[in-house]
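Chain IDs A, B, C and D follow the sequence of writing; residue 1 opens each chain.
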Amino acid sequence: MGELIVNTSGGAPIPLTAYLIVSLIMFFAGIYGFFTRKNLILILISIELILNSVDINFAAFNRYLFPDRMEGLFYALFVIAISACETAVAIAIVINVYRKFGNTEVDNIQQMKN
Amino acid sequence: MLEQIIFSILAIAIALFSVLAVTSKRIIRSAIYLLFVLLATAGLFLMLNYHFLFAVQVTVYAGGIMVLFIMAIFLTHKPGKIVERRTNLKIISSILLSGGGLILCGYIILRNVTRVYNYLKINEINMQDIGRAMMGTEKYQFLLPFEAISLLLLACIIGAIMIARKEKNIETNDNKDLDHK
Amino acid sequence: MNFLIIFILIPVIMLLSLFAARNRKQILAIMVTGSIALVAASVYLVIRYVTENDTTTGTMLFTSTHMWYKPLNIGFSLGVDGVSVAMLCLSSVIVLTGTFISWNIQPLTKEFFLWFCLLSLGVFGFFITTDLFTLFMFYEVALIPMYLLIGIWGSGKKEYSAMKLTLMLMGASSLLLVGILGIYFSAGAVSMNILDIANIHIPLDKQLFFFTLTFIGFGVLGALFPFHTWSPDGHASAPTAVSMLHAGVLMKLGGYGCFRVSIYLMPEAAEILAPLFLVLTATGVFYGALSAIHQRDLKYINAYSSVSHCNLVLFAILMLTRTAMTGAVLQMLSHGLMTALFFALIGTIYQRTHTRMINEMGGLMKVMPFLGVAFVIAGLASLGLPGLSGFVSEMTIFIGAFENADIFRRVLTIIAISSIVITAVYILRMVGKFLYGPIQNEQHAALTDAVWYEKLAVVILIAGIAYIGMFPLGLSDMLNESLSLIK
Amino acid sequence: MDMDYTLLILLLPLCSFLFIGLSGTKLKPAVAGIVGTLSLTAVTLLSYYTAYDYFSSQNISGVWQTLTPYNFTWLHVGEKLHIDLGILLDPISVLMLVVISTVSLMVHIYSMGYMKGEKGFQRYYAFLSLFTFSMLGLVLATNIFQMYIFWELVGVSSYLLIGFYYTKPAAVAASKKAFIVTRFADFFFLIGILVLSYFTQTFDFEALLIGDGSILSGAMGSTFIGASALTWAMALIFIGAAGKSAMFPLHIWLPDAMEGPTPVSALIHAATMVVAGVYLVARMFPIYIGFTPEVLQGIAYGGAFTAMFAAVIAIVQTDIKRVLAFSTISQIGFMMVALGVSTSMQLAEHEHGGLGYMASMFHLFTHAMFKSLLFLGAGSIIHAVHSNEMADMGGLRKYMPITHITFLIACLAIAGIPPFSGFVSKDEIMTAAYGFGTGMGIWMTITAGLTAFYMFRLYYRIFWNKEYEVHGGHLPHESPRSMTIPLMFLALLTLVGGFIPFGKFVTADHTQYTIHLDTTIAIISVVVALAAIGLATILYRKENDQPARLAGRMQGLYKAAYHRFYIDEVYQFITKKIIFNGISRPFAWFDRHVIDGAINGLGWITTRTSEAVKGFQSGSVQWYAWVFLFATLLITFLTILFTH
């Protein structure tokens, strides 16, 4: 686990573990949604949950482990940006699928033809 | 003490709404629950003293992306429609798997993470620092990823437009195909 | 340049010129010339072998090695002893007669002969090489064309049979590959050449394992009971020439391989595991013969008969005495000629009657005396009439098997001997049903006897059978000397 | 010492076989016949000359020498063992030479007339030559394996000749049966040879038979299930002999073999091939008598039973060839008995020691002559009336005088009436049998009486009894010259054969000894024979209902004997029901369904598995993700599990 960093602050009000647990719950909720949902939009929502939980981790790790740097912050930023892109494209696709099949079920597009 | 209370509220909100977001039967509710989760996350960022991140989260996520979602839902769904569900087998297996994952990862976290953090009370990171870090080309500066992201963003915008654009001819053909079926 | 390479060169040249051939005449000319050249080459080989062979040591002659894959020490090693010389002669004779028998093959004549040539290339390569991997490679070369030859030019449920045959033999060759690599590595990985490995003592525990693998691997091709089921279906569906080559030569690859690889390289394991496989092979001898009694299709009868005879080959090899092994090789030759003759005759008769069911035919002796007489001769050879090859080989095997003094082997030998009675039963039943008696089908009365090319093929084969049967001394001694390597 | 011309005796028939066989139908039928007959004539003359040469020159101080003019190695099998082909001359092989060539020549000549116009005439002569060659090779064998080789060849030529009328299903079935039954016996013969040769490391007769028997000590020493290996070997070899010689219960092929042309029956199934078994036992006699007398005793009992058994069946058969066939079986039984009863006597004493052996060989000789005469006579009759059934005959003496007279001579000979040859040889057998034990003697006397009875029943039913009724539009007439000359020649031999001083030539220990008749036994035999003939005369000379009444009174026995005691049915049951349906069919089924089914099942499982696995690659990303996560978690879990 690398070198052991001593907790010098004399006790943070909220432990890092708490953040991680929160993000973990969010992450697996997203995973669950990704597995069980049939609707493309709902799958997207699940993915957003997953991404968001990662953001929390980035920020929390940055804050707790390397407070004098900003990588976590920036990666969280980038993730947000990328998720925005992804959502835009995905929703475009969803709308297209909707036009083709009349609904947004993921089962329709199992086969990448027609 | 106050911080802990706020954190607890936020944490409970996140946990609750994420689960609701993925289990709700109505799609619009899922979206709204997602919005709550995103906002709560923003709250967490605030607690971590990342104000800029908080702002981005609220504007881009809760503002931009959610609007996109809601628009898409309105475009493709009748309001109040109940979404179809997977078969029980799939749901159960997914519950087991994600539950198992949760337990496993939780175990790892609880076992390993407690001893290694270091929390420093620092002031709010001011915008100049962020701007410099983002626009600089030196060590710990992020111009290149920033530019890459912006290019990506551009590509996505164009792509989204291309995909969502209506192509008259093809569409009619496809509709015919559908009719046949 | 090793002179043995000619056995690979001729088929290759035949292949190339077949590509260029325009019409049937040219194709046949190429095939006949090529196969006569092969026969000539094997005759020349016999002469050179006999003159140069040192009868006391019985070592391999004309050896040479040309490394072609250094990391695994795979070499193109050549070399022959009496056994391979005999097998080469057999193969060339069968290729020649097979060509005559498939004189009128339709459709896709050119393609048929192309694959046929490739098949014989594999067979010849197999017999002249002494490198484990090259041996295996040629074995595969011989197997693959089989699928197409049966699948395209076969009859009956040919796709099923071709698939079954290929899959079973492929499965066997996977065992074989493991076995070969195992031998190579457990021998210390210095050379893939059999002659070199033979000087190295392989640890016994490894011998036991790899003996089983290679013996079963080759045994499947040699119709080892209970892995023989590809044989009846495969033979029944295959076109005549392919049946001939397959039963006549390809199945001998199994016996030859068992003896050249399994027994030669791992004699101790052979000693230990022989009882197990002896039980299987003795069962196979008895069982194949009994199953043949009940068949109605001529090809099935002969296929089961082949199972019985080929198991006898393996049985004799496992007896691990020189006499029995000589008998095994004689049996390979004898069975090769005999079964090729059978299939040739069945094929020519089938071409005329369009049925192979013995109960739908009868009295054909009157209609086609030449084929009938030839069939009776083949039958008599099969049931071991003195003066024909079957007797010589069977007797050598039985006497050789009896050299082992233990009751277990004796009892198995007696079981194997009992097959001569059963063989008589099914051969005579078959001959009696479809050649003798009154003519069953009126349409058959108008059929014609064999034409010249069929007659030629049949006569060549009968001559071979009679030669071995009447003057076995030279051949048997040649084989016996070569087998001094083994024991 | 030379006598190397004997090689020609083997080569001539072989060449004529190859010549006639290979030229096939290109040869004119008559030419084929003449070629065959000429070569056989040469062989016969050579055989006679050999006999003359041998018996005039090869006697050194009263002991007949054993010669091997030729012997070359045919095949090496093992370190010491080798199979030779060669020629061995000693009294019995020379005797057999004469018998075979004489009968064969007669049959060749006879067939010129009998088979005239038959389709496949050339083939017939080719087969005859092949048979003669094989038979001669058998008797001249220098070693037991050569004997086995020619033994098999004889079997095949017999198969080919029985099945000569191959379009007749009955003939095909009979030939098949003959071959398979004898093959079955040969199986034991072969095992016997293997056992014997394993211990002695030689096949050679000279090495085996001449000497003090030290070579057999290995076989004597090792035992298997209570008997020595030698006993086993000799018993197994005898089974082979019993198969060829149609001993009970392996006799079933012989009556059926009568489906072949009649001259063939005369040659193979009366005079030569069927006595091969007797010859074999005689050949191995020194071992039998010296080391395994128990087997020889068994042979005696087997022979005695067969003799009586076949005689009883012969009484009620109505097919004349079958009567003769059973008569043959019975007579071979006599020969076997004669060999078998030698056990009770010391070999050293000439008075008895060689008696059984000599009697057997003598009877073999005389029987060959009169039995082939009977068969050829029967052939002549069948030729005339076109039927084998007694019911279609009767009163033929007027139409066929030569056949009648010769047939009568043969009947008298087989019945044992002096001075015909059969009387002398049979009397020697009787003497030997009484020497063995009174029970055996009486048993054989009764059998001899039965023989006289059924032969005269046959004789009267053919030539006397009722008047001939014309069936086919023409009256029967005497056969052509080519057929009657052999009859007369054989009749002559039958008349004088008994006067040959046989003991001078053929004895067990190759020394000479003089035959003398035991008057008491001779008188008993003749009286019994005459009584039996008298009974037959009463019953069958004129057509009457007495035989039928007699049959009615002993209905059970009559029916059983008529159906040959149902032995064929038993075999039929064993082969058809048990072996064919009970064993072979399940085997075939097992192969198709279990073994092949296992292979196909393997294929089916593979297909099924791939069907099932195919679902994994559904194209559903969610499913892929599920598997991905599952695997990741699993690996993580395992890592944790094993690192802590």
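The working rule: a contact is a pair of C-beta atoms (placed from the backbone, for glycine too) under 8 Å apart; a residue touches a chain by one contact, two chains touch by 3 or more.
Since the structure is predicted, the reported quantities are computational estimates derived from the model, not experimental observations.
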Applying the contact rule given earlier, which two chains have the most C-beta pairs between them?
A-B
Please work out the Cα centroid separation of chain B and chain C, and write it as a whole number of Å.
72
CA centroid of chain C to CA centroid of chain D, Å:
37
Mind checking the centre-to-centre distance between chain A and chain B? Centres are C-alpha means, answer in whole Å.
5
Please report how many Å separate the Cα centroid of chain B from that of chain D, as a whole number.
102
Can you list the chain B residues in contact with two or more other chains?
93-94, 97, 101
Where in chain C do residues touch at least two different other chains?
none
Residues within chain A bordering two or more other chains
31, 35
If I apply the definition of touch given earlier, which pairs of chains qualify?
A-B, A-D, B-D, C-D
Contact footprint of chain B on chain D as seen in their complex:
626, 629-630, 633, 636-637, 640
Any idea which chain A residues touch chain D in the complex?
31, 34-35, 43, 106-107, 110-112
For the complex, give me every residue of chain B touching chain A.
1, 3-4, 7, 10-11, 14-15, 18-19, 21-23, 27, 30-31, 34, 37-38, 41, 44-45, 47-50, 52-53, 56-57, 60-61, 64-65, 68-69, 71-73, 75-77, 83-86, 90-91, 93-95, 97-99, 101-102, 105-106, 109-110, 112-122, 125, 129-130, 133-134, 140, 142, 145, 149, 152-153, 155-157, 159-161, 163-164, 166, 171, 174, 177-178
Touching chain B in the complex, chain A uses residues 1-2, 4-9, 12-22, 24-26, 28-33, 35-39, 41-42, 44-46, 48-49, 52, 55-56, 59-60, 63-65, 67-71, 73-74, 76-78, 80-89, 91-96, 98-105, 114
Can you list the residues on chain C that touch chain D in the complex?
164, 167-168, 226, 228-230, 232-233, 287, 290-291, 293-295, 304, 321-323, 327, 363, 365-366, 369, 380, 383-387, 391-392, 395-396, 398-400, 402-403, 405, 407, 413-414, 417-418, 420-421, 424-425, 428-429, 432, 435-438, 472-473, 476-477, 480
